[in-house]
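In what follows, a structure is listed as C-alpha cells, so that the remarks can point back to it.
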Amino acid sequence: MSDFEPKVVAFVCNWCTYAGADLTGTSRLKYASNVKIIRFPCTGRIDFMLLLKAFANGADGIIVSGCHPNDCHYTSGNFHAKRRWIMFKELMDFMGIDMNRVTFSWVSAAEGAKWAEVVNETVTRIREMGPYVSYKELVNKTIEEEVKNE
Amino acid sequence: METTRKLIRKHSLELLYKKLSASNKVYAPVTATDKQVEYKYNPPFSDVTFDHIRSTLSVKNLVFPKVENLFIFSNSKTESSITDVNLNLLPNVVLWGSHPCDNAAFDILRSIFCWDINDEFFSKRLEKVTVIGLACHTSDDYCFCTSTGNAPNSVKGSDILLSKLSGGDYIAEFITAKGSSILASSPELFENETEEKAVIAVVNTKFSHEQVTEKLQTAFEHPFWVENSLRCIGCGACTYVCPTCACFDIQDETKGKEGRRYRSWDSCGFGLFTLHTSGHNPRHVQSQRWRQRIMHKFSYMPDRNESLGCVGCGRCSSACPVDMNISEQLEALQNI
Amino acid sequence: MSENIYKPYLMEIDNIIEETPDVRTFRLKFKNLEEAENFSFKAGQFGEYSVFGEGESTFCVASSPTRKGYIECTFRKAGRVTNALANLEIGDTVGFRGPYGNTFPIEEWEGKNLLYIAGGIALPPMRCVIWNTIDLREKYKDITILYGARTVNDLVYKHELDEWKNRPDIKLITTVDPGGQTPDWKGEIGFVPTVLEKVSPSSDNTIAILCGPPVMIKFTMPVLKKLGFQDKDIFTTLENRMKCGFGKCGRCNVGKVFVCKDGPVFSYEQILELPEEY
Amino acid sequence: MNNLISRAKELLESKTVNVVIGYEAGPTGLARPAFITDSAKADKLIYDERCVQNLAVYLTKAEVKNFGKMAIVARLPVMRSIMMLISEQQVIGDNLIILGISEDNSLLDIASISVMQGYIDKCDLGNPSKDREILAELNKMTPEEKFSWWQNQFSKCIKCYACRQACPMCYCIRCTVEVNQPQWIPVQANAHGNTEWHILRAMHLAGRCISCGECGRACPVGIPCHLLTMQLADQVWNYFHVHAGTSDKMNSVLSTYEPNDKESFII
Amino acid sequence: MARIGVFVCHCGENISATVDCGKVAETIGKLKHVVLSTEYKYMCSDPGQTLIKEAIKEHNLTGVVVSACSPRMHEPTFRKACAEGGLNPYLCEMANLREHCSWVHEKNELTTEKAIDIVRTQVEKVKLNSALQPIKVPVTKTAMVIGGGIAGIQAALDIANTGHKVVMIERSPSIGGHMSQLSETFPTLDCSQCILTPRMVEVAQHPNITLYTYAEVESVEGFIGNFTVKVRKKAKSLDEKLCTGCGLCTTKCPQKKIPNEFEQGMGMRPAIYIPFPQAVPNRPVIDREHCTYYIKGKCKICEIVCPTKAIRFDQPDEIIELQIGAIVAATGFDIKHADFFPEYGYGRYKDIIDGLQFERLASASGPTSGVIKRPSDGQIPKNIVFIACAGSRDPAKGIAYCSKICCMYTAKHAMLYKHKVHEGKAHVFYMDIRSGGKNYDEFVRRAIEEDHVNYIRGRVSTIYERNGKLIVKGVDTLLSSMPVEIEADMVVLATAGVANSGAEELAQKLHISYDSHKFFAEAHPKLKPVETNTAGIFLAGACQNPKDIPDSVSQASGSAVKVAALFSQNELTREPLVAVVNRMGPPLHSTCVGCFLCQAVCPYQAIEREDIKTRDGKVLKSLAKINEGLCQGCGTCVALCRSKSIDLHGYSNNQVYAEVVALLNEY
C-alpha cells in the first residue's frame, strides 16, 4: 500500500474555510494535492447524504469544515451543522462505518496555515488507513453479484 | 399422463441432495437464527428444513430477481454503446423443498412475463430451474391454497414432488422429463412405493375464487375497498413477499462512463408507482391501490392472462404489519 | 435482432427545434441502417426514449409514418430524463424502444371530415395523425384543427401552424387563453371549449380527435355532445405512467385495460366503460 | 376494556367524534387497527398486550383525515407520536380525543393535550428495556463487527418500506427515496441501496423517534431497524437532554441548537 | 442543449508554472457538452474577457467555466463579462486553479490531474445552473425610528433630511431620552439640555417626521422595504389638538406624590403631568395608574380647570397601522437599580445613589436646582465617594461586560462636585480607567490633577452607616492592597448599563436577535455593526450595548445612511441565490408536507406559511414559502428538509450532487 494515494473530498463553507483555503494559497503554503474542495454557502447547507455519496463514488476520506462557532456568516448555520454531525457520527459509529475517515474542523478565513495542517493531517491519516475498501465493496461487490445473476 | 412414484429414504434424500449440489446450485430453505425461513444456495443438508410452513420470501427471485441487469452501456462524448447480459451463462439451479403454492406461481409468472411477447430474462432463468417440490404436511390459518385451485400436494410447477410419509421417509413423484432425468441418473437412491401414506396438511376452502372473480366484475366502486383498507399503511411488504407479484421498475445507474439499466421489484402499494410527472396520480389514495392489488390478481389476470394471480400461500397476510388478511377479505368479497 | 425486449435502438439526434423554452422537438435517425429498414409504426403509437445513465421516458411518436427515415418526438422538460434529453445536442445518441400501443383507426375515417382539437403540450401526440391524414389528403374530406395554448409562447410547432394556416385545404383555428395574447396575435382569444362552441363545426360525418389536459377535456366534451358528436366518433389518447411499454410492469392499467397495449388511443365510447383511474 | 368500549360508544353516539381508532382482533387472533364509525360496532374494540401497532400513523393518512374529529386509543408511544405530530403541524390537537391507556391497560382520563403532557412527563421515556439490552450488546462490538452485523441485516432488506410506512413520523408526501433529481438513494434493494436507505431513515428520525419500535416490528424480513433510531434517541438524550414527543410545542433537535452544544470530534 | 465553454487561465505563470494548462484544456475538451476548451495567459484582462464574450456568441454557449483564481476574487468580473457577452451571468462558474491548486502544490502530474478534476467538477455543475434574474423588491420609502433618545433623534433627523418620511415612536410622553436627564456632558462640560432641546424641537417641527409619543410597537410583519407595523398609541386622555400646554391642570391635580421618573425618583409629580419643562411635545398625559379619577371614579379637577376642555377621560388606546420600508431600533438602555447591590446598602441608605440620580442633583433644572444636596437631609456632602464598575465587569453579578460610559461620567461627576463644593473631598474607587476617546483621557487627568479628585484603585467591599456617616471600606491595590476606609456623606454608584426594559419583547416583535444580556445583536461585530440579521432593520445607540453620546450619534448617522441608501432605489435588487420550495405543478401537488421545521432553522425568518385553500376558504394544505426578500441563501433549510422540497439556487441538490460525482469519477 506504499504507493496508495487517497482521494479526499472537502466540503467547506464559502465564508470561512473556502476563504481560509484561499489564504493558504496566497501564503504559498504547500499541502497534499489529494484533497479537492467543493464549495457550499454554509456548513448548514451540507447534506449528510453527500458524505455517503462521496464514499460511494470512491472517496477514501472526507473533510467537512466551516466557520468557528459564533462566526457563521449566517449566524447559526454552523450550529445546526454541528448538531447534524453529532447525530450523523453517532449513527455511523453504531453502524460500523468508519468516521476516522472524516475530519470535521472549523477553519476561519484567517487560518490558512490551519487549513494546510488539516489537509495534511487528514491525508497522512487516510494514507495509513488505506483505501476505504468496505464502502467501495458495498457499491461494487453487489453490482458484480447482480451481473453474475445471483 | 401417469406419473412415476418412488420411495426415497431420508438418508438417500441426503445423498441426492449432495449429488445435485455437486453439479448445480441448489436453492433450499433453512431456518435462520431469528426463526425466519429463508432460502440459501447450497446450504449444508443438515440445515435444510423440511418442516416449514412458509419461507419469509417466496422463491420468485430465482426467475425474477429483486434487481436484474437488462444491459450494460458505455457513454463517450457523443456515442453510447450497449452490451447485452449473457443469459446463457446462468447456472442450473435446483429449487429444493419448495411448497406446491410457490411452485404453482411459476406458471402464473410466465403468464405475466410471456403473455404477449417473450421476456427472455424470465424465461431463460425458468429454463434453468429444476423444481423438487415438497408437499405440505403442516399448515396454518393463513394458508388458503385450496381456495385458489391449488392443494398442499399439488404437482403444479414441480418437476419432482416429495411427500413426507408418516415414518419420515418420502415419496417422490416424477412429474416432468426434467424430474425423470434425475431418477434416471440416480436410480439407486429410489425404491418402490409402499403402502405407507403420505402426511398431507388439511387446508380448508375459504372461498370460491370463481365467485370472487364474478363479484369483482361489478365491485370497482363498492365502498368495501375504502372500509377494508383504512388500516393499510401502504408499504410494499405484501407484494414483495408474494410469489406472483411481478410489477417492476426500470432504472439506470452510472459510474463514470459505464452504467447499467436494470429492473427491480416495484409495488402497486406505493403512491409513486402511478404518479404522473405533473403531480396527478390516477391511484392517489391507498384504497385504490389495495383495490388494484386484489382486482389485478382476481379479476384482471383471470381475464387477460387466463390465470388467477394468487396461489393461496398466505404470505402477504402473514407479512402484513397491520394484519390485512387477504383470504378474509376475499371471503367477504364473495358475499358482497 | 436481439431478443432482449428492453434493449433500445441507438438513435442519433439529427435535428433539434426549440419549440418553447421548455419544449423541444428532436428528429432521430437510426444509427443502424438495417434497423431503420425494418422499422415501421403507425399514427398514435408511442415509444420509450432514453438517455443512457438517466433512464427512460414515454412519449408518442410525433412524426407521421408517411415521412420515412426518421422519427420525431416532442417533449417538455419535466423530470429527470426529459431534463437530460433537453441537454443533448445534434449528433448525440439516445435510445428508443418501440413502437408500442395501438393506433388511430385512420382507415376507418376515410371519406369523413376530421376535427382535431388539442390543448397545449397535447398537440404532439396528435401531430402524427394530423400529418398522416394531411399526407393522405385526398382520402379525407374537411380537415379542421383547433389548437389552443395558455399563451402565444406556449404554442408548439409554430412553423407548422403557419404552414397549415396557409393551406387552403386545412382549416386551422388557434387560440390562446385570455391574457396570453401578444399585441400582434391574430388568432382567437379564449379557452378551447368556448372557441369550439363559437366555431361550431358540424358533427355530420365527422370524427373528432381530442387531446389536452384533463380540465380541457372535461369542458370540451359537453360542447362536442351539444354539437351532436357520438361517443364512438370522438377519439383521444390516455397517458399513464409507464415503464415497460408492453403490459408487464404493471402500472399503466386502467381497470383491466393496459394503456400501453390496448391504448393509448381510445374512443370516447371505450373511455366511458373504463373505471376512473387515469 | 369495558370502559374503553363505553367511552367509545358515548363519543360516537354524541357525535363528538366521527371515528374511534382502536384495535380489534383479527381472524388469526392477532390484534389489528380498527376504525369504528358506528357505536353498535364499538364492542369489537379490544385492548391488551396484542395491541402493538402505533395508531398515530393513521392520523396523517388522507382517507382517515377525511373523518374530521376522531378519537384514538393511545398508549405512551402513541401519545408521544401525537405530541410530535402536533408540534410538526400535521395534526390539530383540537380535532383529537385521546383515549389514553396506561401501562396496566386501564383507561386514562386525558381531557386535553396538556393533561397528556402531564402524563407523559411522569413516564419512563427511555427505550424499552428489551431493546436497551440489545443496544448495549451492539455498542460493545468493534466497528468491524458492527459493520458486518448490520450488513448481514441489510442484506435481507427488500425495500418494501414497511419500516417507513409504519412510522407515524414518516408522514412526508414524498420521501427522499422517491426523489430522482438527484437519485439520492439507489432504487434497487442491494447492499448499497439498503445501507443508505437505513442511514437516511435513521437520520431523518434523529430527535424525532419516540422509541415505539414499530419500524422493526413491521419489517417482514425481521431487520431490527428500530435499533438505529433508538440508538439515536439515546444519543439525543445524552447530548441534548431531550426526549422527543414530550411537548406539543417542541422544536426538533436538528432544527434547533444551543451555542454551547458539546462535541469532541471537531478540530 | 448544453454547450459549455471552458477557459483555462495561466494567470501569467501563477497557474501555468505548476499546472499543465494545455493538458487541462485538452482533457476537459473531451467531456460531453464541452464545445470549447481553451487556454489564455490572463483571463481577467480585457482581451481575456473579450475572448469569453466572443466565444459565447460564436459557439452559442449555454455555460461558461473560467478556470483561474478564486471565485471570491473574480467571480463578479467574469459573471459581468458573460452578461456583456449575452449569457445570463449565473450560467458562469469559476474553477479555482490558483489558490486551491497551483499555489499550494508542487509541479507534477498529480497537480495537473487535480486541476482537471476541479475543472470537470465545475463543468458538471454549470450544466445544471439555471439562468437567474436578480430579485426585485419594492421599497416603501418611509422609515420608522423606535425610540426618541439622542440616537433616535439623530437617525430621524438625518433620514428626514435626505427627503424621506420618518415615523418616530417613543413610549414615554416626551422624546429626549436619558440625554435630557443629564446635567453636563463629558468631556466638554457643556449643558446637555442646551445641545439637545433644539434637536428635539427640530424633530417635532420637521415636515418629514411624524412623531408618536406615548406609543409602542405592537407588531411587525413583512420584510425589508415592506414592513407593516402596528403601533399602539396609548391613551393620553387628552385631545392634543385642543390642549395648549398651559400646564394649569398639572398644578391643580390633587394627586402630587408620584415619584417622578424624569427625576429618577428624586422628586414628585402629579397624575396629569408634563415629564419635564422642555418636553416635546409639551403636552400633559394622565397617568391612569395613579389618577384619582381612574382609581376612585371621581375627581376630574383637571377637566374642570382646563381652559380649552381638552381632557378626554374615555379616550381609548388607538392602534394604527403603518407601511414602513426600514426600521431603526434606538431604544436605548437603562441602568441597574435598587437591590442589585446589597453589599453597598443601596436602598437602605438614602445617601447612596446611582449615577443618573447624581445627574439630576447636578442639573440646574433638577430637584435641587443644581445644588448637590444629599437626599436624606438636604445637607451638602463634604466627603463624597464615587464607585466605578458597580456591577459592570463582574461575572459573579452576571454582567461580564464593561459599561463603557461609567469611567467618563464618574470623572465628570467628581469634577462637577468639586466645581460646586469647592471644599469638599471626592474619592473615586475604580478598577481600571477606560478613557479611550478624543480628549477623554485628558478629561480624567484634569479631574485628578486639577480638581484633585482622589482616585483609588480598588474595589469597595462594603458600605455601612456609622454615626450618620457612610463608612466605605475597600482596598487600595496600588498600595499593596492596603485597607482603605472612608467616612463619606454620600456615595454615588456608577451602576452597570443594561438593556432597556422590554428589549427582549421588542426584539421578538422585530425578529432580530439579541445577546444574552438582551442587547440587540448586530449582523456582524466588525463589518455590519449597524445592521441586524433581519434585512431592513438597523441599530442606533445604546440598545446594542452601552455607548456614550458621540458613539450613539455616529451610529445613528450610520444607520440613517443605510436607510437612505435603501431608499435611494425604487426597487431593491438582491442576489437571486435564494432558497425555493418545490411547487411541482399546482400547489396542491407540492411535495412540501408542511412540517415547518425549516422555519425553526432559518436565521432570517424568511420561511412563511402559505395556505392552499378551496374557493370557500377551507385550508387544504399548508406549505412553506420562501420570502425572497429575506432569504440570504445559507441553505440550512435545504439540508434539513426531509422530502427535499426546498432547494437553493446556485447550490441546488442536483448541482452539489453532480459536483461530488464529477470530482471523484473520470468521464
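Labels A, B, C, D and E are assigned to the chains in the order they are written; within every chain, residues are numbered from 1.
Methods note: a residue touches a chain if its C-beta (ideal position, glycine included) is under 8 Å from a C-beta of that chain, and two chains touch if they have at least 3 such contacts.
Predicted model, so just to flag it, every value in this text is computed and none were measured.
Each chain gets a centre from the mean of its Cα atoms; the one farthest from the centre of chain C is E.
Comparing the chain pairs B-E and A-D, the larger number of C-beta pairs in contact belongs to A-D. Between the CA-based centres of chain A and chain B the separation comes to 45 Å, rounded to the whole angstrom. Averaged C-alpha coordinates put the centre of chain C at 60 Å from the centre of chain E.
One simple way to say how far apart two chains are is to compare their mean CA positions; for chain C and chain D this gives 47 Å. Once the centre of each chain is set as its mean CA position, chain A and chain E turn out to be 36 Å apart. Each of residues 176, 181, 183-184, 190, 254-256 in chain D touches at least two other chains. In chain B, the residues that touch at least two other chains are 67, 75, 78, 249, 251, 253, 255, 262, 278, 280. In chain A, 48, 53, 57, 76, 80, 84, 139, 143, 146 are the positions where the chain touches two or more neighbouring chains simultaneously. Listed in rising order, the residues of chain E touching chain A in the complex are 70-73, 96, 98-101, 103-106, 110-111, 113-114, 117-118, 121, 513, 533, 577, 601, 603-604, 632-636, 638-640, 648, 650-651, 653, 656-657, 659-661, 663-665.
In the complex of the two chains, the chain D residues touching chain E come out as 88-90, 171-176, 179, 181-182, 184, 204, 251-252, 254-256. Listing the residues of chain C that touch chain E in their complex gives 16, 18, 86-89. Contact residues on chain B toward chain E in their complex (touch as defined above): 75, 77-78, 255-257, 278-280.
On chain D, the positions that touch chain B within their shared complex are 26-28, 30-35, 53, 57-58, 61-64, 156, 158-162, 164-166, 178, 183, 186-190, 214, 217-218, 220-222.
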